[in-house]
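Working notes, beginning with the structure itself.
Chain IDs A, B, C, D and E follow the sequence of writing; residue 1 opens each chain.
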Amino acid sequence: MQSLTLPLLVILGLTITGYFLAKTRALQVAGGDIRKLVSLPKQHALNTVLATAIPPLAAIVLFSLYRRLAEAEGSWLFTLVVIALAVTGFALSLIGIKTESRARTFAERWIMGLLIFASTIAIMTTVGIVFSMLFETFNFFEQYDWRDFFFSANWSPNFRGNSDLGILPLLWGTLYISFIALTFAVPIGLFAAIYLSEYASSRMRSVAKPAIEILAGIPTIVYGLFALVTVGPFLRDYFASPMGLGQSASSVMTAGLVMGIMLIPFVSSLSDDIINAVPQAMRDGSFGLGATKSETIRQVVIPAALPGIVGAILLAASRAIGETMIVVLGAGAAARLSLNPFEAMTTVTVKIVSQLTGDTDFASPETLVAFALGLTLFVITLGLNVFALFIVRKYREQYE
Amino acid sequence: MEDMIQMDRTMSTQQDIKIEAKGVQVYYADNHAIKDVDVNIADKTVTAFIGPSGCGKSTFLRCLNRMNDTIDICRVEGKILLDGEDIYDPKVDPVQLRAKVGMVFQKPNPFPKSIYDNVAYGPKIHGLARNKADLDEIVEQSLRKAALWNEVKDRLNAPGTGMSGGQQQRLCIARAIATAPEVLLMDEPCSALDPIATAQVEELIDELRQSFSVVIVTHSMQQAARVSQKTAFFHLGNLVEFDDTDKIFTNPQDPRTESYISGRIG
Amino acid sequence: MSTSLLTTDARTKKRNAAEARFKAYGLGAIIVAMFALVILLTSVLGNGLSSFKQTFIALEVELPEDKLDKSGVRDLAVMSKVTTIGYAPILRNALLATLAEQGIETELSNKEISNMISKEAAATVRNRVLGNPDLVGQTVRFDVLASGRIDGFFKGRVTMESAALDNNTSPEALEIAQALADAGIMQTKFNWNFFVWPDASDQRPEAAGIGVAILGSLYMMLVVLCLALPIGVASSIYLEEFAPKNRWTDIIEVNISNLAAVPSIVFGILGLAIFINFMEFNQSSPLVGGLVLTLMTLPTIIISTRAALKSVPPSIRDAALGVGASKMQSVFHHVLPLAAPGILTGTIIGLAQALGETAPLLLIGMVAFVREYPAAFTPESGLFGEASTALPVQVYNWTQRADPGFVERASGAIITLLVFLLIMNAVAIYLRRRFERRW
Amino acid sequence: RDNVQVAGSSTVLPYASIVAEVFGENFDFPTPVVESGGSSAGLKRFCEGVGENTIDIANASRAIKPSEVEACAAAGVTNIIEVRIGYDGIVFASDINGNGFEFTPADWYNALAAEVVVDGALVPNTVETWDQVNPAFPAQPIQAFIPGTKHGTREVFEEKVILAGCEESGAMEAIMGLNGGDEDAAEGTCMAIRTDGRSVDIDGDYTETLARIEADNNGIGVFGLAFYENNTDKLQVATMSDVVPTTESIAAGDYPVSRPLYFYIKADHIGVIPGVKEFAEFFVSDDIAGPDGPLAEYGLVSDPELAAVQATVADEVTMGSGS
Amino acid sequence: MEDMIQMDRTMSTQQDIKIEAKGVQVYYADNHAIKDVDVNIADKTVTAFIGPSGCGKSTFLRCLNRMNDTIDICRVEGKILLDGEDIYDPKVDPVQLRAKVGMVFQKPNPFPKSIYDNVAYGPKIHGLARNKADLDEIVEQSLRKAALWNEVKDRLNAPGTGMSGGQQQRLCIARAIATAPEVLLMDEPCSALDPIATAQVEELIDELRQSFSVVIVTHSMQQAARVSQKTAFFHLGNLVEFDDTDKIFTNPQDPRTESYISGRIG
């Protein structure tokens, strides 16, 4: 940490001075007339800032990685190299300022580099996730037969070992609960989005949209308690019991409904923005033909906004799969393969959390199974996403 | 030919009034875009709106089927009667109105759908086709009338947005006539068309006039003279003159009309 | 030949009915969402508002030298040998004296009397004394906390009936409390300390606050905002505007949607492995928490940003390119502002999620009992490197505590969290409205 | 790093945080940071190695397992001091306004076993109400909220209640008679809990159990003694084999269902991280962990052999180093 | 007047070649939209592209400043040289190219910004103005040249999208000329303009020709004849004929040109 302070300060100082120096210098070489410059002073300044800051920062990152891997110590040499890089970038970019130099192109190259770097972070995250789980998953499968894990319909971990750790009931619970949550959240969210963007007055919209977004910010424990204390008993007393579907207050339905509420803003807010971005000319074209508003929305606006809406729905689905607290409190912790929506079930995610935070020996299959569950879920959602991408590709419509 | 048009024109003046606008005022926020316009649009007639760019032609046209409703800042005052009924009456359903009064917009705006779906859209929502064959027929006829059929018949499933400017314009014309409106408002329908296509569209307009009323905005004085029986000249939001087309072009009453027409080029 | 406009024909009626239904569905959807919101908020507010008030006892405390300063020379080293346990009887005596003064008779045991005063009180008095040794030997007035049960009595949580069953208080104690309140010695007043104090142990619900948690959340959100928004927007721009459309970008796209579906606890596993074990950042620190939440929020921001970028009509890009703007300029000058509402929505939702998340923090050590305020920067631990908790963690912890006094505090923390969220979102919502336009 | 870092069991957390709080108030060291996250997760963190970036103390609601000691050693954590701080009583409680119960382990076995022996054959358990288990009980539907399989309490419940009940009621013998005398298998059969909804696993904590009982008044839940003592106005406790659970009855060994609580100190951090040893000594001091200390007041069953524990800490006796 | 134009034309033929297209092929996916086109566009000349709608005029025009790069499915083959340099060379920065070769699109596409910002955008990013006063001056001049100044001078801060069709078109022209390109490509720049505005734009084109090269797509044969010195006639993706304008209109070589021109109306 301390060894970084000096280089960072140097970089910061150089970029700030570089910004102003480059601007002045650019104006100077142009004799005060920016029209003579191929690139604007602003762009020269930007180029200088980027050229001064990026190489040494990249060096710091690379070197830190190297230091961790090789367990080497930080050294003065390193500090020197970093500062030298900063100074070189600073000097070169300043010297390079001529009337005909293309600072914009250079600056854009730096920016492009940053953009590409940013988009690799997602990839690196995935790699990190896979690697942080792969090793323990491997350990798990050394202790536990993979066939039992993937094909057993029984989930009952046991402190004495000899546990049944079949993933099927958990997967079933995950799918069932997510399905119910989405059947609830998607229509409501979509209709809310449509109403907000197409029917509501701008005043109502400016109140209702942020209000609905609060739903996404309420901690899930509140939803969980709501499910446990209010929705669960209500569903049991008014639906499950009269219909003879069981006596359980925790149920897939309870968790699904409550989770659905939480997911509404994911669908509604994002879709609303996308719908709002559909050009008015599209709507006009439809109205001009004598279409009603709803016909216009259903047949012109929604198809045009479809890729974005699908994105929003996928996001909601993802959130449903990853949710724990609502499931724990709303659906119970029982792993079960059943079609009855009024029975308690549980999900993969819940079991990842509970096995990871439980009391079982951390080197035992009962704990390690969490990693295998995580990795399996990862692969399954990957498959679902590939499928979704395929569908979106098939139905996308481009306006203009 | 000349005297046929002459005959038509005489006929047209005897025709019933289809649309009657009285004291129409339109504001975009504070911008007074249409100032106290009175116009009677006869049935089975082509009426042309001419005037310099920005004078309010499109705005007025959009009033006639209440398309201005979709612009937040736009406010319309006055009375517009269609077959004697006030279209701004709260009881009037703009949807029904627009089904009767179709529109081709100044900027071509095809839906991001296939060419076929673009044209079939109107007939579908209005239930004009009993079955798929019917619909195919309507689509083909409309595209034929809009002089587009030959160019697109092999790619009806291609997106309507991936067409040339003129093709899009004709697609929008086809789309509008597919719903068989009683009044067709066309905002510069031939601006992106070559002379041959223009001629075909003009033919179409003439054909439509047999049964319906057509209002066309155009910058081409020749076109106005060719296709219309009545002409309205707008200037800075005012309706300067409205009369039989030949009268406007041969013997304008207002000096502004005179100078606009004489200032014409080519 | 044509039907009147004033009468609707059968088909139009049907279509209008469909229209009305459609609109009603929309309104219904809003109402359902609002209804759910109102229910949730009322329950949170109903439970939590009381946490902003607290009951205090005004005590004249005699600080006897023989107990507090055996040396008699105000030697701090000696004085600090007297622990809070040693201070407890002094407070009890003070309360007994007050009771006697007020003419309130009681048969309660010493322990039960002690139980009326918060255990925090001893620390309060001890800190004051150690801060100003000259107080020893004097009688000083202290506003000390009443214990959780007594406080609950004034807030309606504890009743005479429940007290009768309760091991930790008794109806007699409540009667005394009532008498003291009538005498103005016990008062329930607004409690700023709730926002300032750190967490307290299970025995002192009345002293528990969210000071540390607010700081921790604030630090983490700073990290998330400074990293997730730029990185998310940058990678969306690259993927949507620049990247060649090929198998590789398909992989990235699928990969990002897939990251959104990764359970949040898995990000905790990742954070533990990468940031703590590999990069050796401090455990329990807001920096690591912020980094983990950044990775977790990224997919949300990227997905919504990409959708927003996609919805900007190509003609805008053409227009910019046509006047000689570079692709980069067309994106930053025209496309991005038009996509801003969608980006901001993604940010709002992503931050909301990040702000309320507990599970990943579990694995990097932030679900903890922390009483020391974390500094934003210290030379030893760097930026945001000191141990801290966060608001959702505080909520999670408090909902697990045995003492019912923590229920209101958990709700109070939730209210604070929502206010925090609203403040954060207000900016975004304001910006979003400014950028919103139809074309 | 100048603060002590503790992680582990959520059962030990309340006690550890009480101690940490008083420690911070009275010593010049900063208040230790006490994380929760489960015994297993805590031990795992503990065993990740030695150094500033690892925790100093792991709380556990069970003893460390040999395999974990091995894993620790593999990462260089060889000097571990095991400290038992007392016992956690496990009680059965139901809604204060409902029926009271006086259980024996056999009642629980008969109510919750997945399979019971009827007429010399193992059949699925079908009892619906408590009076079918024991005629002395009211005809209240059976609805048990027991700890989920992640909790250490579950193990204690299975062994000290269900298995004990199985043996007590003679079912164990009957099962062994059926399966040819295989004792391990018989134990397994005994401890299998029914999954038809009569018994609900709680993966959350005691507040969840309490909330479930409040939502379903027929429910009977498993709680920690400390939790019950803080909620006596909402819960009534059931006796087990005629003993009322209290810290005294458990310390005396009369009440059968309890488990020891521990913490583990990384001896290599003593003297490196300031306050580690002081905190540990303070934790087990008589003032704190004794029968009259705040921990006992909160519900910890004080260790009858506290003095020995204090000596272990004072002498830094590591595991496996004789004694 | 007539002979001045005559003179100009003779001059123009002696002019240097500004853009040289050789064997250009354009495909939209499988649709072969431009078939092996060779064209030389001279400097300081107005070249008109004419042809029926959908024949590929816009497509070819967009090739000249690589605007087709933005259409995913579009593929360009062949060589296009600007001042002797291949614009499709990987080393060429399309941005610099487009700064030199400006474009007015067929469909007016103002930015959703104020009128002022629409016009000032180009000069700003290219650093054409030393200061605010300079910029104001450029904006005013451009709007004046595009015959829009009088209409908008009082509302420079109103959004460019809230204008009439013709006003938007002129705004796009103003935006394009504000960057002072060496070559200006105009895709039907007068389609939504009234005769007077059209005349002003034509005047502008003539003025631009003094120093630059202008390529204009138009459907109006008269306009082509009026403003251009060279005319290219496209048909179904083929360049049928390319010659001096007067030659094309008086003495076309190809029967297709002949029939297109004679089929003209008005």
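Heads up, the rule we're going with is that a contact is a pair of C-beta atoms (placed from the backbone, for glycine too) under 8 Å apart; a residue touches a chain by one contact, two chains touch by 3 or more.
To keep track of the chains, here are their UniProt names: A = Phosphate transport system permease protein; B, E = Phosphate ABC transporter ATP-binding protein (PhoT family); C = Phosphate transport system permease protein PstA.
As the structure is a prediction and not an experimental result, all values here were calculated from the model.
Looking at chain C and chain E, the chains in contact with each of them are A, B. Each step here moves to a touching chain, and the least such steps from chain D to chain E number 2.
Using CA-based centroids throughout, the chain positioned farthest away from chain E is D. Superposing the C-alpha atoms of chain B onto chain E requires a rotation of 180 degrees, rounded to the nearest 5. The largest tally of C-beta contacts between two chains is found for A-C.
Of all chains, the one whose CA centroid is most distant from that of chain A is B. Closest to the middle of the protein, by Cα centroid, lies chain A.
The centroid of the Cα atoms in chain A and the matching centroid in chain D are 38 Å apart. Separating the centre of chain A from that of chain C, both taken as means of CA atoms, is a distance of 22 Å.
Computed from the mean C-alpha positions, the centre of chain B lies at a distance of 29 Å from the centre of chain E. Here the CA centre of chain A is 45 Å from the CA centre of chain E. With touch defined as above, residues shared between interfaces to two or more other chains in chain D number as follows: 37, 41.
Shown for chain B are the residues that touch two or more other chains, namely 95-97, 99-100, 107, 125-126.
Multi-chain contact residues, meaning those touching two or more other chains, occur in chain C at positions 15-16, 19, 280, 314-315, 326, 338, 362-363, 380-381, 399, 439.
You'll find the chains touch as A-B, A-C, A-D, A-E, B-C, B-E, C-D, C-E. Interface of chain D with chain C (complex): residues 1, 3, 5, 7, 10, 13-14, 16-18, 20-22, 24-26, 28, 30-31, 33-37, 41, 45, 48, 53-55, 96, 205-207, 224, 226-227, 229-234, 287, 294, 297-299.
On chain A, the positions that touch chain D within their shared complex are 156-160, 162, 225, 228-229, 232-233, 246-250, 328-329, 332-334, 336, 343-344, 346, 350, 354-364, 366-367.
Those residues of chain A whose C-beta lies close enough to touch chain E in the complex are 32-35, 37, 39-40, 102, 104-105.
Of all residues in chain A, only 279-292, 295, 299-300, 303-304, 397-400 touch chain B in the complex they form.
Chain B contributes residues 65, 67, 70, 94-100, 102-105, 107, 109-113, 121-122, 125-126, 159, 161, 172, 175-176, 179, 181 to its touches with chain A in the complex.
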